[in-house]
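Sharing a structure, written as structure tokens. Questions coming.
A, B, C and D are the chain letters, set down in written order, and residue numbers restart from 1 in every chain.
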Amino acid sequence: MIPTETISPGHPRTDPTSGPPIITAEDLRVAFGRYVALDGVTLKFGPGAHGLLGPNGAGKSTLVKVLLGLVRPDSGSGDVLGHSIHGRQTDLRHRVGYMPERDAHVPGMLVIDYVSMMGRLSGLAKRPAEARAHEVLTYVGLSGERYRTVDSLSAGNRQRAKLATALVHDPDLLLLDEPTNGMDPVGRREMLRLIVELRRVGISMLVSTHLLPDVQEVCDGVAIMAKGRVLRTGSVASLTANIDRNWKLQIVGDLGPFLAALGARGVKVAHDETQGSLTAQLPEHAEPRLFIEAAASAGVGLKEMRLGTRTLEEAFFEVIGEAPHAHS
Amino acid sequence: MKSAKRPSCLRSLFLVAGLVIREIAWTRRTLVAVLLLMVPSALALVIRSEAPPGTVDTYIQSIFPTLFVFISALIMLFFAGSIARDSMDDRTMTFLVTRPLGRVRIVLGFWLGTVVFATPLLWACGLGTMAVASAGLDGWAGFPNPEAAAEARWRIMLAGLAIAMLSGAYYTWMSLKLKHPTVLGVLSILAVDGALGSVQANARFAAPTSSFESLLSPIFQTRGTLISESDLDLTLTQGGALQLILIELVVMLILLAKSAQKHDYISSAATEGS
Amino acid sequence: MPILEQVYRRLDHHEPASSWRAVWAIGDQCGAMALKGWFPKGWLAVSQIPGLVVAVIIYVMTRNESTVLEVVNGMARTGYQSFNDVPGETWYRVASNLVYAMITIVQGWFATVGTAIYGARQVADDLRTSAFEVYVARPIWSRDYVIGKLIAVVKPLLFILIVPTGFCLLAANLFVPASAGPCLKLYPILIAAGIAYATLNAIVILGISSLGKSSRYATITWFVLYFLTMAVSVILTQSTGDSVWEIVSYRANLQVILASFLRLNPFENLDLEFPSPDHSLASSALIIGCLAALSLFLVLRRVRSGRLP
Amino acid sequence: MSEESIISAVGLSRSYGRVMGLTDLTVDIPTGVIGLLGPNGAGKSTLLRLMTGMIKPSLGTIRVLGQDPLSSPDLFRSMGFVSEDDALYESMTPHEMVSFLGRASGLSKSDAREAAHESIQKVSLEAVTNRRMRGFSKGMRQRVRIAAALVHEPRLLLLDEPMTGLDPVARRDIVSLIERLAAEGVSVVFSSHILHEVEAVANHVVMLHRGLLLAHGSIQHIRDCLSDYAFTLEIRMDRPRELAARLAREAYVTSLVFEGEDGIRVGTSSSKQLVTALPTVLLEIGAPVREIACPGENLEALFGRLLK
């Protein structure tokens, strides 16, 4: 069970379908030889942060590349920020920041030169590009590593360098492909905090990942993909709505009297040995105080009392239909 | 426990060599090498059609041997100069190092693989050129009689094998040790083999090409024989040349084995960044 | 370390994407990358040494007038006795011979190896490390990428070709004041010739570099193209006795184009080691032109396949 | 082999130029499933490369199954290694590659082919066993490498970041595979920074950070020794300041931190006393309580606290 640690509680969640569409796609189809990467993808994303969720090989990266014009679709159409993906890509790429999945960097080039070069390629002059590069690198937390070569950085720092290059020309839309791939939890949490911060400043983004906590923490809307098809779209909240009010409890002390006290109060309880936690069903219009009273009366300590929201992983597995090998 | 014992020395060598041949067999690199090896026969064809009748014989006897040695060295640099390095760069070497083969056998396996793969190509080039040169004519490719032509063919094959083994060892060792093996490899072909080979003093035997050429003389008129006619008796007897080559080969193989022992199989540049 | 020292600042206005800036950005950075490491820098430094050596030789030679006159008469097949009755035209021709010899005999070799060192990695490395995806995600055209890479390779080659040669020319003019006047117009020509020579080499090496992912094979293919074509043309010329086979050699064609830049007429006023008369400029220009066109086509095809417009 | 530890390192250190990969590591790793834990750049990969003899130690010694990995290739007859790099013989099919590596481990031609078939079945790749590996997804490539490492039925399996970059479905398969191997008595050492996988599978943990050994022992052992010196409880309720006032008097409460208007984090030196007293105290105050959570439980918080 992937813990849903909350990184930044209470950031504003906009409704994903409000406002003019940033990204639209109609029946996009891409096949590499026999392998069908995109099998008729149709979706519409408004401003704000949207997640593309799916196992490896679900076609997420291919979709991001098609939107950026890096891959020409066999059929179907779409547009990003008003520019059609079949048209001239240069103005499209001028307003979009792309963070590729693989380590796409020039080996041996210093981080500061690499980022400032990317700025100059997007139209900034030499001096302003360098100034902007320093600013963006400080923002992503690489001020210490500015004068090291890109390939000598750790996996986490390489991801930050990629984010810096995506931000140097101040895009309106960020396409992030597996932004926290290969990062340890501490680094991952900081990267997600950066992304949430960017969202708050008003940059829309499309985050393609298979790490569910990333999407849950950062995105408003999410599209779950598998085998080149979009299986479900909707806001994150709708997907993880907790239909039944089950609570996760953990106690210290002997279990018997506590279970009896809960039973007396009409609470249905399921005991899960491996994790050593209880799942209790709160009766209609009852208060969580019920659990505390039961614990006090049974004389046991209450270590954990949490509303067990259905995590995205459960939604994800449900949508994928528990196929053992969802990908080809 | 299924595996009884560690694969024997010979079996390990042949396993790795087989892998190397399989990896380079169907690649674009072999296509380019084959095109390169067709150049001498193409030259023979052009000379036969364009030049006065006797020229193709002089081409075969004097120009072709030097060209053959030069191209063979390039081909060995093409294969041996990068096979070991490529497998380290794309990290497939990890599969071999974590098997009970032993590092020396792996590196020698790479050397053996390139030699076994390249030698037939070099032979095809040499014999093909002589065949093209003599087809339709009296069939002896510019040599006075069939025996001479047969000896010439046999000498070309011997020289081809010697070049494949010695240059192969030299470039495999260089690819393990140096960061810029290719540019330096080419410079060593030009400077050491080319220039030094045509020096009119004993120093020329320091260059491997002159010992290869001595293998080919006197049936062919290589630079060695041209020099000897100018009353500087400097040619190596074929026996001498063979010995020199064998000594150099043994030294190179020892160097290769020693460098295999202490070489880090992850290029040291890969810091603990991942 | 605190991450959010300051909030992400948005730019107030967005510069339009400009090809010119992109070209210079790639030229600067990839040029600096090509010179990274001791070997490329070392090669650049070593290539300057002949310039000094030849300058010293010129200094020693020009100490007495007779040796200079001897050289001039030898080259121009004339019998002048003193400096002032040597016409400007002859000084110009002798100076351009010096430049031609300097480039073909000395600096040409450094440039050939330099082309491999600086050029073989340019496109091959981008493909191998998928750094190409970074360029493609930017608002640049494929021609910007190609011109930028060309600049990156031409810069060090120009330094190898022009600086030592120019230095010797300057030394000759200083030590023989009479020759200074007529040779003034040779300097811009030298620069133009250097640019042409370097650009042709750069275009061909970029074409070769875009053939595969490994700069190792690009290096070998370049040397094979250079030395094998030279050897083949020498063998064919000697065997057939017909010098039309000169055009097989990439090096010979490059030298013919260099000579045309320096307006040296190959027929009458030179007895330098030079391709024989019936090897005309037109055929060389044609062959080198085709080779350059093929290389450019290869690079653009590879770049377009990576989806640069 | 009778003795308890399969891998023992004494004063082991290795540096790449000036960068210290691993500093003076002395540890004995028992049999079973062992997790090598640490953030990026902690020295996990360096330790695994030293164990497989890929690189030489700068100082100290390491012995795997009683032998020195550098000088005795025989060791690899009973050891398998799956590296972190996505390397593969692209032109081969899984069956060809695994049987080749089987022969390289000393199996005869027929044994190798049969063992290859078996190990490909173990990683459930029979469907694509004869397909060129060029178009395989990341998860499938990972499983081919694992099959190759299992072909000669090793007693010890080393995995470098097996779960990185894999989606939950592929990750779950690998976790169950490791459990199956452990059940068959194969010792598995794997490095990871995805902590809850380590928690679910490993019975012994070695924690590294910046090349130094931070802690090693069973998960329970590490959690116990940690929880007695720092344990926090997060409570979301109305009027948290009243709870703070009430708890401030207790000796076992070490810190009280307010988060927003409804959150309070209570640090304690003895988790048992705080948790036992909590229900009665909350009833006394009578304010509605929304949530009680103890982040100190999973390894990640453990890890976060260790790194401070």
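Remarks
The rule is simple: contacts are C-beta pairs under 8 Å (C-beta built on N, C-alpha and C of every residue); 3 or more make two chains touch, one makes a residue touch a chain.
Values in this document were obtained by computation on a predicted structure and should not be read as measured data.
Listed by label, the chains touching chain A and chain B alike are C, D.
When the C-beta pairs in contact are tallied for A-C and for B-C, the bigger tally goes to A-C. Each chain gets one centre point, the mean of its Cα atoms, and the points for chain A and chain C are 51 Å apart.
Averaged Cα coordinates give chain C a centre that lies 56 Å from the centre of chain D.
Centres computed as Cα averages put chain B at a distance of 32 Å from chain C. Computed from the mean C-alpha positions, the centre of chain B lies at a distance of 49 Å from the centre of chain D. For chain B, the set of residues that touch two or more other chains comprises 271, 273-274. Taken residue by residue, chain D touches two or more other chains at 40-41, whereas all remaining positions touch fewer. Contacts with at least two other chains are made by residues 154-155, 182 of chain A. Chain C contributes residues 1, 3-11, 14-18, 21-22, 24-26, 28-29, 32-33, 36, 125-126, 129-141, 306-307, 309 to its touches with chain A in the complex.
Note for the complex: chain A touches chain D at residues 1-3, 5, 9-10, 32-33, 35, 54-57, 154-156, 178, 181-187, 210, 212, 250, 252-253, 287-289, 292-293, 295-296, 300-307, 313, 316-317, 320, 323-328.
Across the complex, chain D is touched by residues 1-7, 12, 15, 19, 22-23, 26, 90-92, 94-103, 262, 264-266, 268, 270-274 of chain B. Chain D contributes residues 38-41, 124, 135, 137-139, 164-170, 173, 193, 195-196, 233, 260, 271-272, 274-280, 282-283, 288-295, 297-298, 300, 303-304, 307 to its touches with chain A in the complex. By the touch criterion given at the top, residues 16-17, 19, 21-22, 40-41, 43, 45-46, 49, 52-56, 73-81, 83-85, 87-89, 91-92, 100-101, 103-107, 111, 115, 148, 152-153, 161, 211 of chain D touch chain B in their complex.
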